[in-house]
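Here the chain labels run A, B, C, D and E in written order, and each chain numbers its own residues starting at 1.
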Amino acid sequence: MVNIKAAFNWLASCGGCEEAIVDLHEELLNVVEAVDIVYWPCALDFKKEDVERMTDGEIDVSFINGAVRTSDEEETAVLLRRKSKYVIAFGSCAHLGGIPGMGNFISAKEILRNSYLESPSLNQNEMTPQVETRQPEGIVTLPRFCDSVRTLDQTIPVDYYLPGCPPPTRLIKEALRALLGGELPARGSVLAPDIAQCHECPRKVTKPDEFHITEWKRPHEAVIDPERCILAQGFLCLGPVTRCGCDSPCIKANMPCTGCIGPISQIKDYGAKAVAAIASLFDNREEHEIEATLDQIIDPAGTVYRYCLPASQLFQRLPGENKRHNEVCA
Amino acid sequence: MNRKIVIDPITRLEGHGKIDIFLNNEGDVDRAYFQVPELRGFEKFAQGRPSEDMPQITSRICGVCPTAHHMAATKALDDLYQVKPPSATKKLRELMYCLFFIEDHALHFYFLGGPDFVVGPDAPKTQRNILGVIGQAGLEVGKKVIGLRKEVRELMAYLGGKAIHPVMGLPGGVSKGIVEEDQPRFIDAADHAVEFSQMSLEIFHDVVLKNPRYVEWVTSETYTHKTYYMGMVDENNNVNFYEGRLRIVKPNGSEYCKFPPEKYLDYIAEHVEPWSYIKFCYLKEIGWKGFQEGMDSGVFAVAPLARLNAARGMAARSLRKRMTACFNSSVRNPFITL
Amino acid sequence: MRYLYYPGCSLKGTGRAYEESMLAVFQALDVLVEELPDWNCCGATAYMAVDELKAFALAARNLALAERMDTDTPPADLIAPCNACYLVLNKAQRYITENESIGNKIHTALAAGDMTYSGGVHVRHPLDILLHDIGVERIKTAVKKPLEGMRVACYYGCQIVRPYATFDDQYNPTSMNQLMWALGAETVDWPLKTRCCGGSLTGTIEELGHRLSFILVKEAINRGANIIATSCPLCHFNLECYQKQWQTRYHDDAHMAVAYFTQIMGMAFGIEEKRLGMRRLFVPPAYIAAVS
Amino acid sequence: MSETDVNNNDLHLFEPRIVAFFCNWCTYTAADLAGVSRLRYAPNVRVIRVMCSGRLDPQFVVSALRQGADGVLIGGCHPGDCHYQEGNFKALRRYKLLKRLLRTMGIEEERVRLEWIAASEGDKVQRVMNEMTEQIRALGPLCLTPIPQPDFESLQEEVLTVVREEGGVCHG
Amino acid sequence: MPISSENNGKIPRIGVYICHCGLNIASVVNTQQVAEFARGLPHVVIARENKFMCSDPGQDMIQDDICEHKLNRIVVASCSPLLHERTFRKTAQDAGLNPFYFQMANIREHVSWVTLDNALGTDKAKALVAAAVQRVQSHEALDSQQSPVNPAVLIVGGGIAGIFAALVIADAGRKVYLVEREPTIGGHMAMFDKTFPTLDCSACILTPKMSDVKNHPNIVLWTYSEVEEVKGYAGQFKIKVKRKPRYVKEDDCVGCMLCVEACVFKKPRFADEFNLGFSFRKPIYMPFPQATPPIVLIDPNQCIQLTKGKCKRSCMNVCEKNAIDFSMKETFEEIEVGAIILATGYQTFDPRRIPQYGYGKYEDVYTSLEMERFTNAAGPTQGKIVRRNGETPKSVGIIHCVGSRDKKNHSYCSRVCCMYSLKLAHLIKERTGAEIYNFYIDMRTPGKGYDEFYDRLLDEKIHFIRGRVAEVTDWARRPEEEGKLVLRVEDTLVGIARRIPVDMVVLSVGLEAREDADEIRRQFNISCSHDGWFTERHPKLAPVSTTTDGIFLAGTCQGPKDIPDTVAQAGAAACEALSMIDKGFVQLEPNTAHIEENRCSGCRVCIALCPFSAITPSENGLTSTVNEALCKGCGTCVAACPSGAAQQRLFTDEQIYQEIEGLLSYV
């Protein structure tokens, strides 16, 4: 039996997904038994041109992690798509935008200004990175920093998704098994159980029948009882809105779930649904009471969209830029 | 028009890199540009988020060394909330951090940097990687490497929830402790780690130091930068990974300055080049003098070697011997890539 | 408390007594009253009948001036003691804010004199201020000589309740009565209290005007009143000044003291006559003193 | 699938499109009453009937905005009048939190509005519909950034499809 | 739950029907264009118009098409679903289609009746049709559940409406609980003397009915009681009734009145409510001779024993039945009924709100209701009409529309004032021979024998002056006015202002909703108009139903009406209730929520949300489940469910998403 050809690549990501693969530990050896890794910048020395030289569809499966922020990342994604039979969006960034996705809260302009012109550590040489720089020796080029962060499937067609930040070892192993065994589910599926966190939460038994939260606490504001349901203790745990399959490591570390693995397939917009659920857990009636309770939730948008802003139905609406929008539209 | 060689991407390290090399008419390297073609904008989108989320947000800067960012942010929170963590907290964090750098250095040595030496620079690129290393050093070693990393990673997960992107850090504390019956696991791991690093040093000794070609190589001009070096040290100027002051030494090894991390803005500034998204740090007082080495340039180095250069030595006596074995008095910075 | 005060022409003329007594009373109650600088004609009911728009413009200028002033009680409260001024200013206020076309015209008119008016002024009658801002309790404390034996017919006239009844009942106003009770006086039930005093007819169609005012006084007498309290210079004038003529005109004696309600309050507060403009009254103060 | 209707966006004759979610018992009935009383109002608001304002999933609002609505109006019974006792309070709590979310997302306050309208308040339906239409007309179209779609041409779709039709990865 | 029918294919075949509703829709909406547009929508097989879709031809059209074109989804664009959804569902059902494969687009109430611009109206109609078409595709076949109807009825209010409704239902052999707040039933009608236009004695026709109620085996009569709590739903209401203490044992008192005689208060000195304070009673009293039940009660605020705690208690001693019990406390009764009839009546307008009419200022100004008592032989004056000073009035003015047809008060017409004013005019004339002046805006005398009655009074030389009275004053301008009440009025027929001196003034006060109407409305979860009258489900087609199934309206609580109308409506309400009972069950809208177990993570976000405690954790605690019998279908839990596991039938997420998309995608 011929080994299948696999590629691993990162786009706008942190390398955690690479680590996740390395952390297959001894399993990794079995993988390389059955898989020829033809591209993996983090660990192997193949270059882009090696991929370009391949025929279309030559790679059986590409595991692509990271969101898409630069023109270069877009090109790489497109390249791998063309060369691959299957593309698997690997990890939260590729799946939903991930942490870098929060870049969509602000405009690209803002980000560049902040990093290169306003940051307190700068020497104020008023320089910003350019797509093309004419140097004595010739032109040096940089990829374009795009207007917004995109998920992988907003850039190229994606066949499967491995969720999580990083994807849990268990899910990776199952995915590989399915892949090698040719037992993949319907195209477009997320390769994880389609049910929410609470289902496998180690503290499920301690859930109260009803939630009547009177005060939202931040994790450092009170001691979290290591046995009881974290949400019931008034700490904003996104478990109910979040897919399971990660074996709840954060909760095991006595911290609330922050939703890195994303919503289950039923949910169209993680943030909006989280709003529905969170606002259903307390029962003030007077407007000012409600406001007061909500004031305890710092930065709601950043909380519910932390790992999935680019995947939001709202995608992006830059603050205070409505005028600009109108002009654009008109 | 002079020729240009592009190396894209740079491989076997964390992060995105690209090198543009310009050759002159003689075909010699005229100038090379190491570029980082990547920007995500953490500085900006982190603004407006809850402070206590920083350890988890910033760890996403790098998933290979998330613990470093996580810990840095956590300590920043201590500072922000003006709390001094109790000793148990400090120990737990430090333990976590030690686990991390054992695992991380193992990774670097065997997966990323190591192959260049173990299988050698001339080996075909299909070989120049962990698999090649295993091929060379034998499956036994491979199993050891993997075994140790696994053990350590599991303990990291025990403390931090996730080994990659831990969640333990809180202002003035940690989210979880160790129950007594699990303590032996950590003690064992420590022993294994020491054992393992002994082994690694052996390998290093056999593969590198015993190979004159390598030694000549790495001590050659090409691989040497005479810059300032920065690293964290304890009150005895020994290396410390968790806390202490930042010490900067001159190219000749004498102390340039020493300051508490939170004062970094007084000592360090950043320079922007139009051809890379990365910003270049330099010593504020000396100023940006371009890509120059030497006393007069503000350029300084960090990371393992710099850390050793900036310190008087290692706190652990057992390591001092090893260190001197690597450092013969003539050169202070032999192994730039290590 | 501090209020802006719009006198209007009559309080500087025939109605001096009203101004003097009102200021004295407010002072006695520690209410600061500041005259609106550079005020002009209110727009006057008569003018209103001739050229509404110009009348509004005149009124608007006063309102604009008032808005400019900074007062402790924003939106600026502007006291208009004369019922006519009170009505005209109120009417202008409403038309400017509620009728767009008129509003726009007025704004352009003001703009010509580079003024603006955003509708912030609150036109108020002294009755309103005394009853609702200061209150009977406070007033009771200021009473030195309770007015036992004084039986007051409170005359409101038509303008403070029609068409707008902003602070009292349209058909059966009682604010003045309440003040009088606070002074220890009684009030008589007098159904004519909002009936026409003859207005300016007394000067144009005398016969008609006189009859109207005569009816009022006559009925007040029938009702056992010994003094009529007024809140408007014109009403006051009509009810007071023609009493002699009536005797010849109707061969009927309708002799009755008429005083501004503020004068009556002043008396109860024990303010000396001079400061209450008592001497300006046709019916001698002595007489009023006697009845009280 | 219209992101923002192009011919809608000439700002001069911009006709906002507003989706309303009205509860069956009070607000929808009130809208019927407005009809029966022949109260004319702006035709820009289009009503979706739900049994209770408590049924309103914030996802509906978001999805309406995404699909080209310039505003969303939510109508429920006055506090204390809910046919289901509490539903409108639940709607209120979700609305309040959603507003905070939308604010961060750069969406103007006026675009999403909650109103208590009793079955008898046909006139209020008229008022609110007109008010909101004008407010949003003044704001202009919402113009969310379109959700990016993969650019198939550059992917040589035909190649892709060939490849994709092959199905399973595992050989043998 | 989905049922199979050969017609319910997977691929939607949609029929769209656009109603003209005569010109109601067609005059604004270009129905032809809409139909054309509908034809272009996905899965639409056929789109037609019709003048009246709800008519038989209209419905036949749908049914024929279902068979002929194998339609499996129906959309009707016409009026409000609240009006005709049931009609068309049945249409579909009769043609063998599951009734819930139907969706309605409201292009009348929400489009043609509220839109001026035809083009924009047509666009809006298109959008609504597109939404319905898109939504109906995701509809699923459903069975509507039935719930049994408890055959007992609660009637709130013991006026003529409540009394009549109670008797109708009781005679049909059903149990009735009649709850009245006052110590006796009878309501306003019991206070009247004669009834217009027939002038038959009010008491004579009412009191027999009252005792029928008292004696009817199927009627439980609770007077001096109030409904405390209403739970449940159509067919299954659970009611809690508070019974205030009378301090007299109802079952023992025989109404002999000895106790009243014996009361330590020798003289009656407390205002008698029934005579509106024109006569006096003792702390222990019977509201009026024909009171039903005919038993006495003690006013706890007046009785010395109850206020001071010490008294000779002569009343107690004299009562041989030992019916008096000072220790009595309020008690509560809990009952279950299938239907509720509200007959809570009205209150009269308080003319003090119109000070210029001098009520409360001039002693000889009376309200019409007071006059009813004076004319009544059992009234404070034994039917004699006299001024306070005891003299018989020589002239009486009757002012119509006091509080009615008056923007400052009630803009509506109270409907009965003209007629009762005529009646009073007749009675006063008859008994005093006084000159009588009616001041009216318009005479409104529609009704059997009403206008004839008006004519008759004209012959009786009663004066009618058309004009609204400006004021009633005692200010005499002429000697002949001395000591009289002068009515100042503009006679709009003659066109002059007149002053008419009279001895006595009667204010024909209008009817208004009871001041506590709003509380009652909330308690029973129905709605009311701005004026506070309870609103019927539909002004024409459901005049006695409310928006809440199983609750019906009778009498003036729904709006001003005279006795005949009230009784007629009471009968109608009674029959509605009876038909519900005889049917034996109510069709429940199958819009309940359910939780898909395999999706539910057991997060329990939903449980506290359910106001009816319909959601509970499953036995194993792993998931949550909805008890659909308890679910009322608000869908709050569905909106909250972070897993999309909770779904509401007829309002699934999918269906609403489809509706949103349809609404925005095509127009």
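As a convention for this text, contacts are C-beta pairs under 8 Å (C-beta built on N, C-alpha and C of every residue); 3 or more make two chains touch, one makes a residue touch a chain.
Predicted model, so just to flag it, every value in this text is computed and none were measured.
> Out of curiosity, which chains are bumping into both chain A and chain C?
Output, common partners of chain A and chain C: E.
> Please give the intersection of the contact partners of chain B with those of chain D.
A
> For which chain is the distance between its Cα centroid and the global protein Cα centroid smallest?
Answer by centroid distance: D.
> Busiest chain-chain interface by contact pairs, anyone?
The largest set of C-beta contacts joins the chains A-B.
> Which chain has its C-alpha centroid at the greatest distance from the C-alpha centroid of chain C?
Centroid comparison gives B as the farthest chain from chain C.
> In angstrom, rounded to a whole number, how far apart do the mean CA points of chain C and chain D lie?
Those two chain centres are 56 Å apart.
> Would you mind pulling out the distance in Å between where the CA atoms of chain D average out and where those of chain E do?
36
> With centres defined as the mean C-alpha position, give me the chain A-chain D separation in Å.
A distance of 27 Å separates the two centres.
> Could you grab the centroid distance between chain B and chain C? Build each centroid from C-alpha atoms only and quote it in angstrom.
Computed value for the inter-centroid distance: 90 Å.
> In chain E, what residues contact two or more other chains?
Answer for chain E, listing residues that touch two or more other chains: 609, 636, 639-640, 653, 657.
> Where in chain D do residues touch two or more other chains at once?
57-59, 63, 90, 94
> Can you pull out the residues of chain B that are in contact with at least two other chains?
none
> Give every touching pair of chains, nothing left out.
A-B, A-D, A-E, C-E, D-E
> Per the contact definition, I'd like the list of chain A residues that touch chain B in the complex.
Against chain B, the touching part of chain A is residues 10, 12-20, 22-23, 25-26, 28-29, 32, 41-48, 69-70, 72, 98-100, 102-103, 105-106, 110-112, 114-116, 119-123, 125, 127-130, 133, 135-138, 140-143, 145, 165-166, 218-220, 224, 226, 249-250, 252-255, 258, 260, 298-299, 302-303, 306.
> Hey, which residues of chain B end up touching chain A in the complex?
Its residues touching chain A are 1-2, 4, 7-16, 20, 22, 30-31, 33, 35, 37-41, 43-45, 47-50, 52-53, 56-57, 59-64, 66, 77, 81, 107, 111-112, 125-126, 128-131, 142-143, 146-147, 149-150, 153, 157, 159-168, 170-173, 175-176, 264-265, 268-277, 279, 282, 287-288.
> Inside the complex, what are the residues of chain E that reach chain C?
354-356, 361, 471, 473-475, 477
> Given the complex with chain A, which residues does chain D contribute to the contact?
4, 6, 9-11, 57-59, 61-63, 65-66, 79, 89-90, 92-94, 96-98, 100-108, 139-150, 152, 154-156, 159-160, 162-164, 166, 168-172
> Note which residues of chain A are touching chain E in the complex, please.
So the residues of chain A touching chain E come out as 194-199, 204-205, 207-212, 239-241, 244, 263-264, 266-268, 273-274, 276-277, 280-281, 283.
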